[in-house]
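Heads up, the thing below is written out as structure tokens.
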């Protein structure tokens, strides 16, 4: 699940986010999941409500969550509640190293309700998240 | 009016929110209102904009508001402005005792623009809110 | 149980607290309790120690507590400890909407040790508290 | 682009925002733009996601932005990111003098990503913003 | 009205408070009041509740208040409410210069509800307070 | 009225403030005022006292004020009091976008006592201020 | 000297405070004092004023003080002043480890005016305080 | 010594400062001083440097200081240093009750270097300051 | 490189850190590195100085760094400077989800000088770090 | 276990720490332990890593810990983790009354992971710690 | 350049600032400069505006600046801007060790715009500043 | 005495610290000391404990201290205590202007226990420190 403005990846501030597009990321994630015997459904929206709606609708069909909530990471308590309500392993991803940017990007409301977090490793971070999630699900 | 994730009541974190569903609450509220000669329209949405849209559309037809804005309680200045713009008695309800939970749930942006607030009394709090609202409207 | 200066209700700053006297409130509370098959003992004092003494003495004979601790709400850790020590359902009441007043009235030390809180609904809030308490005791 | 509750201008708290409606403002803006040889597209929404969607869709066709994000000004990092992603001159407008109001209205997340800000000059501020934007575009 | 530990004046930390006793102060105040045609009733207690009780009982018989609430100055919201509830001119006195002492003595909860404050002028401050109060009452 | 270091405009940090000199600005302002049937008196000083002296002396002859107080914007309560004491419409101007600079430049003590504020629009901001002021005076 | 709610020891929250009663503690303290050739007078009250009254009355007859001020530890400047006014060695005791509890219990207003502090060692802490006090008095 | 904007007393915000002019105050002060056998030199300036210059020049000829530094009270460390450097009794006066006004007026940098402070008693506060100063000088 | 107390993994608080020992982790890391054609040198120390010494000595022979600095993460500016001085890609790992623990574990001084961070994914996080580092080195 | 600079006791700032040397303390502790049937091993180091090394090595052979971590008390999270990892009763000692000294000495990172704390009772505090520890071990 | 109250050196609080006068310092500085082949112009004023005026007038004729801005160091953003606008090497000097004094003297607004700072070395610090400045100018 | 990472001077971040090596600095310091009739012993270590050990061992043989504690400057209370325990004149040196860098480098725990501080003057600052120290020792 990808949050606001991530549909603009590749053209938006590429010196921060790189040149991969959201489609590139979704393909990378699918391929890595496939190679590990898993399947992925992707979603992106700019609206907080749409993201929560999708989470609520998909959660019964899913075993885990990879989430990059973009700017909502830092203030959406509603999204945090929705993730906490899913009761499944979740891995949070950030493409850029948020700790080198504005102070308001240093705190994540999602981290405490996710299992783990991968920050600053570019789009490769999504692939690592797939591997982590598959590993987490195996253990349970 | 109920905010984000309240459509999941009954299954979401029942140790905090109890086992009543949103439908149960809406029925309780309707029955209590009916017994006091009042009528209620219910609405729930996960999106901040949809909640504001609904408030703006319904306000001319209503005499008062019962609102549980869920997580938006703590950061949605937009919703606060919409409630303030309604210019009618409003009672804020929270099912759980928010003062026993995370610090970011201790402040409500809505409380100063509502007439009163009922916290921690479970779904029964909605019934008390109906009684309070009817009482407030009688006085005016 | 009513705290400091509440014995002056009716004459003290009526634009904030209304014109009902403490005797009026005690009668309203008794009548509502009576109609629900319950009985109430009332107490008011200006002294923190007297309030704690009374709580300690009465707690074995009571099933629940309705408390408006007035100004002590905001700084009396001793009263908080006494309420927590009672180990019974407690409902906190405030006549005025404290969130519209000075910042030091926005925090209640009692809320986390009470079951629930009713704020800003005038003296009617006491009646709602009676109903809430009776309901809470029925559930246990 | 106008944010939440600005569609209620004229009737909502007129002692703060005046009696002009959003339609009045849009007409004033169009006329001033026209007189300077420019053309304006207007949009208002209550939802954060809808505002971001519109910005993303319109940005390739536009040379500049006039934005009054209403309450989102103070907490929507997502909108800030969307404005920053537009990479075009932007002028922020506020009708009322936000510095005379609640403390949470004193900080704007948008100001650092806009070229300039016009505050407290009523609906006339929108006209000045048109002139400023045309001037900024001429310089480039 | 004098608050906690002021009954120990003269022997308690004389390098801060000087060597005058509370009886000396009460005599000075009475004499100055007498010379201005006024009469004073004095009271000292260590208990917050007793001070409030006395204020409530005496207020109908008095035209003004001179108050040194000692340590309660800095945290007793209950006493502040009692003074505010008196609705009469009040002059706050502190013997020592509280701004040269611990940080927690720099803020007075009483100052905003008193007409004026006299700090650091020793026991002579009480005499000035009498003169100020008489002057204030003449003006009304 | 222009504050400290603004007499150095054009040579001082031109990457922030541009290359226009103070004389250029005063001419632009005069011309725009003239075209709107108004007349302007200009003043610049580095001293807080001199600025206040000038404001006190000129205020009876003027209908409105355009003020860029430079660094005094952020700490001169004395200047704020002087502007508030003028009791006439005032428009605050800042050439650079202060919200992109050091945190101590984000707060203006003057904004709450001015009618409105124009920030970050370069020397053109002064011209807009003239138009805004004339418009404000017409409305009264 | 023991402060508010300590008369309820043994029954109040025994998982925090243990099962010894106040009478048990007073006996332990007396016995230990006796074995060291000292004598102890005990006092407990829930009221701030009563505690200060007792301190003022007893101080001339005593050589040292053992104090557990309970909740007053954290906000009673009046009690702090009374202890400071005693001018004798004082040992502060807390039964529970206050540093593992709510943040507002981490600061003691009394510690800077006592000679030393013993925290978290249960009722045995009172015995150690007796030994410490006798040792301190021997040295003088 | 009177600080910035106090030369405008009587016409500037009379609902806060009253209708007495600075000349009225200087006459009151002189008369009271005269009646106590003392003589006063008065000075007012809007500039921080001028006030310090005057203090440095006059201090050898004076025995004490009455100072209302106006807005400089709250931020002029330079003036504070100048007053501290005088090494003579000083009484600080404020006409209005600064504790009922903006938060930035609640702290005085001068109070810790003055002997005492008189706040909120109107122009009469200056007369009390004269009496206090004469009394202080007698004691030395 | 592993910091203080990580040599106790497996026995120290296993409910937080799991049952793998440091030797287990070092073997996992070596195997994963080997499978990707890379080689790893491991080091653990409890001393800040020893960790810095090792970093300084090894940096010329290495292409990248995987670092779990344990408690030093949160306060060792010296270690941060040493990592920054290495000028090579670095991946920070934390076994537990630090955002669910004490507030002082939420800030990492190392994150801004590392390329990326992997948190809360158990010992598997080390394996992902190896993969991430190899990927980062390929890109350069 | 004694931390940095405690090897200099007796000569280092004796007005704060007294004239006993570390050898004196170790002898007192041994004697008191001996008299209670216990045995003590002593260690002092200036290095954080050496202290942690020693704790890790000795913990299996010990039943309890007496620790004065000196300056590390206030910032060494690594030492805190090492103490927490010991899983045995621990008593924290400070010779001086840290609450009368610099603010940065008021917080102890160790207190929440120790059983109890003894502050300000000089070297005698170590003897009390021995007694407390023996008592604690008897109870288990 | 020397700021407010430095003209009183030698007589003002000599226990802090020593007994050298400003004339002594200016002679020391001149002699040291002369011995290094440089020439110095000295200036002292109590007014912020006068200091800025002098800086603006002298900057074209100078190669570097030695500045002790006295109390203005801590709050004069205007002076900071003037120093930054000079674009030449600057060395800041403080006679006393400001870090041992009031907290408001610990922050210097000038340090970030000066090349370096010399604190606490008495009047000798001025001589070192001359040497440093000459050295800095040689390097360019 | 030089702290952590200063052994890497010349190669570590030369744009901040310049190209001189630690050996260069030690030679400069020795030569300047020699020319003033003094002798210097140099030491560098990365470990906090080693630095304290060295200070304790060398202090009896030395008359003064020049210290650049690197990163420990900002958090090592242990080192601060060791310096304070030396009871000799000490001059603190920083090569770079720490006030232009991260906020956590703006506070020095050592400054209040050193005689003076020299910041931002490059390696030349060490030479000035030698001169200052010799001068300080002459005065005593």
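We call the chains A, B, C, D, E, F, G, H, I, J, K and L, going by the order they appear; numbering starts again at 1 in every chain.
Here is the rule we use: a contact is a pair of C-beta atoms (placed from the backbone, for glycine too) under 8 Å apart; a residue touches a chain by one contact, two chains touch by 3 or more.
Source: prediction; values computed, not measured.
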*Can you name the chains that touch chain B as well as chain L?*
none
*Length of the shortest touching-chain route, chain H through to chain J*: 3
*asked:* If you apply the touch rule, which chains end up adjacent to both chain A and chain E?
replied: none
*Over half of the contact pairs shared by residue number: find the pair among C-G, A-I or F-H that meets that against D-F.*
A-I
*Between chain F and chain D, is it the same set of residue numbers doing the touching on each side, over half shared, or a different set?*
same
_Distance between chain centroids, defined by C-alpha means - chain F, chain K (Å)_ = 31
*How far is the middle of chain C from the middle of chain J, if each middle is the mean of its Cα atoms, in Å?*
47
*Averaged over CA atoms, how far is the centre of chain E from the centre of chain I? Could you give it in whole Å?*
63
_Multi-chain contact sites of chain J, meaning residues that touch two or more partners_ = 47-50, 75
*Report the complete set of touching chain pairs.*
A-B, A-D, A-I, B-C, B-D, C-E, C-G, D-F, E-G, E-H, F-H, F-K, G-J, H-K, I-J, I-L, J-L, K-L
*Spell out the residues on chain L that touch chain K in their complex, using ranges where they run on.*
91, 97, 99-100, 106-108, 111-112, 114-121, 124-125, 128, 131-132, 135-136
_Contacting residues of chain A [partner chain D, same complex]_ = 3-5, 7-8, 12-13, 45-50, 70-72, 74-75, 104-105
*Where on chain L does chain J make contact in their complex?*
47-50, 52-53, 56, 75-78, 80-82, 84-85, 109
